[in-house]
Amino acid sequence: MARRAIVFAALVAALLAAVVCSLAFGAVKVPISEVIDIIFGNGGSPTDVQIVETLRLPRTVEAMLVGAALGVAGAILQGALGNPLASPDVIGVTGGAGFGAILIIILLPGSIALLPLTALAFGLLAAALVFAFAWTGRNRGSVGKVVLAGIAMLSLFTAGTTGLLAAFPERAPSAIFFIAGGLTSSGWRDLETVWPYFLAGFLVVLFLIRPLDRLALGDDVAASLGSRPQAIRLGAGIAAALLAAASAAIAGLLGFLGLVVPHVVRMAGGTSSHTYVVPASAIGGAALLAGADTLARTLRAPIEMPVGPFMVILGVPLFLWLLRKAV
Amino acid sequence: MRNKLAPLLAAALVFAALALPAVANAAPQPPKRVVALTPFAANTLAKLGVTPVAIGQTLGGAERFSPKLKNVTELPLSHPNGPNLEQLASLNPDLVFSSQTWAKGNQAMDELGIDVVVHDPRSVAGAFADTFKIGTIMGRKHYARDLLQQQRKEVEAAEQGIEKRPKVMLILGVGRTPFTFLPNSWGGDIVTRAGGKLLTGGVTSNSGFERISDEVVVAENPDIIIAVPHANEDDIPSLTEYLRSNPAWSSTKAAQSGRVYISVDNSLLQAGTDIARTIRKVRRAYLKN
Amino acid sequence: MEALLEARDVEVEIAGTEILRGADLDLRAGELVAIVGPNGAGKSTLVRAVSGLQKPSAGSVSWSGRELGEMRGRELARRRAFVPQRMAVPAGVSVREAVTIGRSSHLKPLRRLTGEDRDGVERAMERARVTRFAERDLTTLSGGELQRVQIAIGLAQEAPVLIADEPTSQLDLGATISVAGLLRELAAAGLAVLLVVHDLALAAAVADTVVVVSEGRTVASGDATTVLTSERLAEVWKAEAHLTEHDGRTALHVAWLEQRQG
């Protein structure tokens, strides 16, 4: 218990630090005292107000939300499928969202304003196809079927994406940031479109935490306790699809986060109890993305790097170190 | 003596007969069958009075070609080789004017025994230099000199009488993460010559493009934003609206004064031969100086 | 006494194959019923079907007069606890946490544990005698300890019926004795206990009633000595054997090599 509390406290501290840095640092130097003034509505120069209020604040909120959503999506999928390799990639969401976004960027540039919704729609479509195939025929809803249908769907949509990119190489630069995964400074515009999907996803997750703990003791124990294992899996799949698709709509493809963060918090906390893993993954994911995004946009400022590859480079050594200790 | 000279003379004649073609080979013989994969090379060739056997056309690209090239075979270009190498080989070209974009194809062409020359001019001066090089390769130095003289004069004229030097952000691509043209890019040089002060955030890059923080855009507050997306004329209104309402830029002078423009042809993206016209168009339609 | 569980003519079909062709079962408070039968006879399928884990294709199952098909998960969880042969063992979960999960059928969604729930968890652990190692991780337990924890999880449900599928099949002699004693104690304290058992001598020793399942049907039910006759052992198990009981000790005398010689 104490260990979990310590890890939890450390994660919260990391998140706070990441958020403070995310608001305080950027390509344009704004004194920290002025940032504080601006955030509490006590003035500041108009340009700095613009920078902090319309660029940094929404971006920080997006980073936290997307990081939390992907961490939680990975945690519940790994729990529901009982598979350590599960992540939003595995239910097809990432592949679908990527294809939807590239479709708009490459073929329908005039409809660029629809990019978040299209990415979201295709992400959900891919997940729906995965569930439809996995939940029909014999052995419906089995973990193996879900994972195989997911990998097949991921391959299908990824093939569509790379096909489009190969056909229009001169248009690829516009798509690279989406595929690499990264946040943008586009105010509250994207969040205004997709917040209901985040909300719905997080709400479903709240009701899944306890059933997932039952499922961790096996399908039979869950059934003994009155849960339906297949329903828990489907619910977790839907919630993860909502969260991951909404995340992709805002920040592109950041699949790595959903895979690794739950493992890191499990190894650090020494438990796979969902009452701990789910909230810890949310906070850990938020801290990681907010921190990595701050680095991605300040290290070579004013040049911005995509946060996706950056996060992988930062995250993998930590992950491997914990993996070694975890036996 | 005469009898002794005869075989010597004969030997000299034989030697001369053998040597003559060798001497002719040593002098550069202009290639006959030429393929131009870039519009710049294709149009330069047209202006020099050379008709290539084929020109490159990207999928969905809106390359601007000289009317003289109307009946020339078009080779569709795709990743990563550029032209289909079998199709290209069947044209039996001596020389291909290619681009760095098709680096992989260029290597393959080289292995096929086709000479490859890469010209990707990223500045007006570079375009002039490349024009002369193409003229030299094609054995038309003379025409090239005339062409250059005319082009220089036109460009000089197009740069005359600049009254205002507005701050311009020139961006490439579609979406929420556009790249900014730097001075060492074709579009960057054109806008600078047209009298614009390019917004760069102090960044330099070999590629000529970089993704610049929106914070810098807000801080530097450009008077004009010109976007160069891959899009059609029809898309201009929706793209303009999208860019103007971008929360990151909506406070800039450009967005406030409605000076967000979209350039859908490739004139700012790729080097062309109608340089003066492009500069004049930028001044007239965007910079209004 | 009123039957807590009444199952009649239960049939189960899995992927087109008939596993259960007609099984009856009755269970009363304080009674320990052991289901025995050869491999593949349908013992596990029967207890899963009456527990609601496997949908019957025909027949009727009622719990205290309520039809199985009419009950939702939560209601069913209050009527019976099902202890699988071997549960999944997640890493980093302590015994107390696992037993607390067993209590969760009492909780409304999103509600926290009340003091009463915590008492229930402690009570279940004490009855299953796992309190001593309550803080240990499940992954560190021996087979016998883990089986007792599984029973504790079932007890935390506080249902009047505990159903266990082969609880002793993977245990050594000592652990088997300990688990068998525990189950007998629970029945003595008023719980109805339904077991699937392989070991006929064990079944005869602990069960009030032995139910024999053969080829998907319940073929006999009653006191061990009257049900597990030599004739039935020969017919159902194809074994030459007889059961003896003396002073609460049971033994199965088997002619292990007889048939091969014959």
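Labels A, B and C are assigned to the chains in the order they are written; within every chain, residues are numbered from 1.
As a convention for this text, a contact is a pair of C-beta atoms (placed from the backbone, for glycine too) under 8 Å apart; a residue touches a chain by one contact, two chains touch by 3 or more.
None of the values given here were measured: they were computed from a predicted structure.
Looking at the partners of chain B and chain C together, the chains they share are A. Relative to chain B, the most remote chain by averaged C-alpha coordinates is C. When chain pairs are compared by their number of contacting C-beta pairs, A-B comes first.
Relative to the centroid of every protein C-alpha atom shown, the closest chain centre, again from C-alpha atoms, is found for A. Centre-to-centre separation between chain B and chain C, using Cα means, comes to 81 Å. Separating the centre of chain A from that of chain B, both taken as means of CA atoms, is a distance of 41 Å. Averaged Cα coordinates give chain A a centre that lies 43 Å from the centre of chain C. Taken in their complex, chain B has these residues touching chain A: 58-61, 78-80, 101, 172-179, 201-203, 205, 209-216, 218-219, 221, 229-232, 234-235, 238-239, 241-242, 245-248, 251. Per the touch definition, chain C reaches chain A in the complex via residues 15, 51-53, 72-77, 80-84, 87-88, 90-93, 97-98, 101-102, 104-105, 107, 109-110, 150, 153-154, 157.
Residue ranges on chain A touching chain B, taken from their complex, read 26-28, 47, 50-51, 54-56, 58, 105-106, 109-113, 115, 165-171, 173-175, 177-178, 182, 184-190, 297, 301-305.
If you check the complex, the residues on chain A that touch chain C are 82, 138, 206-207, 210, 213-214, 216-218, 220-221, 223-228, 266, 269-273.
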